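What follows is a set of notes on a single structure, which appears directly below.
For reference, chains read A, B and C in written order, and residue numbers begin at 1 within each chain.
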């Protein structure tokens, strides 16, 4: 399943400015590949910013019909890079938490505001915020090697990505809570049954099957696609920004809590 | 599966006034049969108006417990009659699009405001607006011969019938987008898994099984049924009218677009 | 599957004050066992009040991480005790209906406002309001002996527990209406497919499997769990109170209707 970082296409413009992403832009498809494979594509602050910028670039480029997000290597994304919490001076926790909240809120906003079809190609395991944001995609294709887990309470934290609003709508609170509150890891097939994933492919066919579909979609009337997405998002836009703000506010408190501090210390000492 | 146009019941009043529908009204069941089988029950402007009127008649008749919609012949309904777009003078496109928008908005409003249980008997393939409106039914029974497709972007258009709000609630955005944006045709069993359909019956048993259920339902306490539906619809009524208006506004723009013009021309030339 | 009433734990405080419930409180788990097994745990007015009080106690006790609700004996709960409708003087129907509405609205409010994870252990058949309230739980585990039925229109009544808002979100209107309007009884597996139930266990393993999970959940960071639930509920809180009020208002009218009177008379005469 490992895939090499994408060649940037001939129309890619200055996408070489991204250090954490490999971006291509051709034939109407803007492809964002998370590109820190040695870190399982964990999202450091730079990647949050670059991913958000890439979405804006794809939104504004008139030649782009749809955007695709996938991961380089064996993982889709291992979630928030816990290195973001390392080396914080004791008197800097509050400032750091608030800055983290602003970065996260802006990142999620870029998904809420993305006006074109957004397609996830989940090429391997997905963790944390890379799972919760899938509720803001329009189509999510997964290899059968993919798994989905949001170990928030294990780390003393809480859900983001509008998942506390969207996940109960996808699968009901009874199934959403197992994932969002109780750290349950689910398979690609389970994620499909729970409406988080559109379709699951055998790993050997994943790349070819999904490329065929994406090429086909990119040939459809561009404005028709965009205007077909518009009312869906418009009816929920205000609600989504509201829940994004609330989730980030709760997380900023969490990041300053003793519970979260202890849980993350335990995580590092287990790894260490 | 082909069914003859319904005899109008003895209590049918002046339902003979409908040219595009065969309507019966007896034993508490108001049955609307789409009745242009030679056109696969495609909805021309007259049928939009008559279908809406029939729903109003069923709503107001105190003897009616519930309403049923089905199709005459092999199709349930092939959607908007593209003949509605034929023979429009070049300088009349805007007026025609706006008139089409008003007709559609009024038609969908009749479903939103229908206060009694509304049961769909999907006797064969369903296309376009006859699929999207199913989200406004209370029960949908389908034969296993039925299929469901909304080829909006193929025709340069966009979803209606409140589907851009309701479909993501039924099956999640990841599965709704395949249908509403990317023209995916699904089977009756898939439509049931995606919560658009209540139950699927083998074609040979479809008529008898569904008639048994409907007769049973029509004997239940009338006001209890109506008041049981009331809070569900009341909580969403404002939202549904809002999305209906927005979808129609978007479609009126679509109908005047070059993309839509080209796509419909291609359709006619392929058929022609 | 029959289970003895729970021993009250050493930290149980004055939970002995409940006559219709057996309550225990230890190791972070506040367990509410409906305890009228000879009446299949039917909810009389006293049980409505005590169940609501127990939820408040669990919410306020800082040592409580999560709450669990289950039934004593073979049933989870047979729903509203129709004895609540017995022996009402003809001139007292209105006052009685209004008092019933107030009790019900307060009871449902206690679920809406419950801030910690609420876990249902459905140990056997569930009927009426004990089914509809499951939409307000965070996790629902069921034995495969459990069934779920809301025979509202059979009794001339209408749904409560916010189910007219929540059930269509869980499973779509097409499947919700079969249950809420047309009295369909579903199995535990069907309830799981319809997102009302998280997971179904074989009856012989139900107790041990669910206890393992609950003990594990109760060890997670307490405030992280509570704050993970918070945005989900906060985004819907106003809507839930609104639908609760509306459902209770409709029911108060129903309880004074001839339809409901006749249906309940028929029920009692069938029972003899």
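One rule holds for everything that comes next: contacts are C-beta pairs under 8 Å (C-beta built on N, C-alpha and C of every residue); 3 or more make two chains touch, one makes a residue touch a chain.
Note that the structure is predicted; figures quoted are calculated from it, not measured.
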Quickly list, by label, the chains bordering both chain B and chain C.
A
Could you label the chain A-chain C interface same or different, taking same to mean over half of its residue numbers are used by both chains?
different
Chain A to chain C, mean C-alpha position gap in Å, rounds to 36
Two-or-more-chain contact residues of chain A, please, as numbers and ranges.
169, 171
Quick one: in the complex, what on chain C touches chain B?
152-154, 156-159, 164-165, 168-169, 171-178, 180-183, 239, 242-243, 246-247, 250, 253-254, 257, 259-260, 263
Under the definition above, what is the set of chain C residues touching chain A in their complex?
117, 134-135, 137-140, 169-171, 195-199, 213, 217, 220-225, 227-232, 234-235
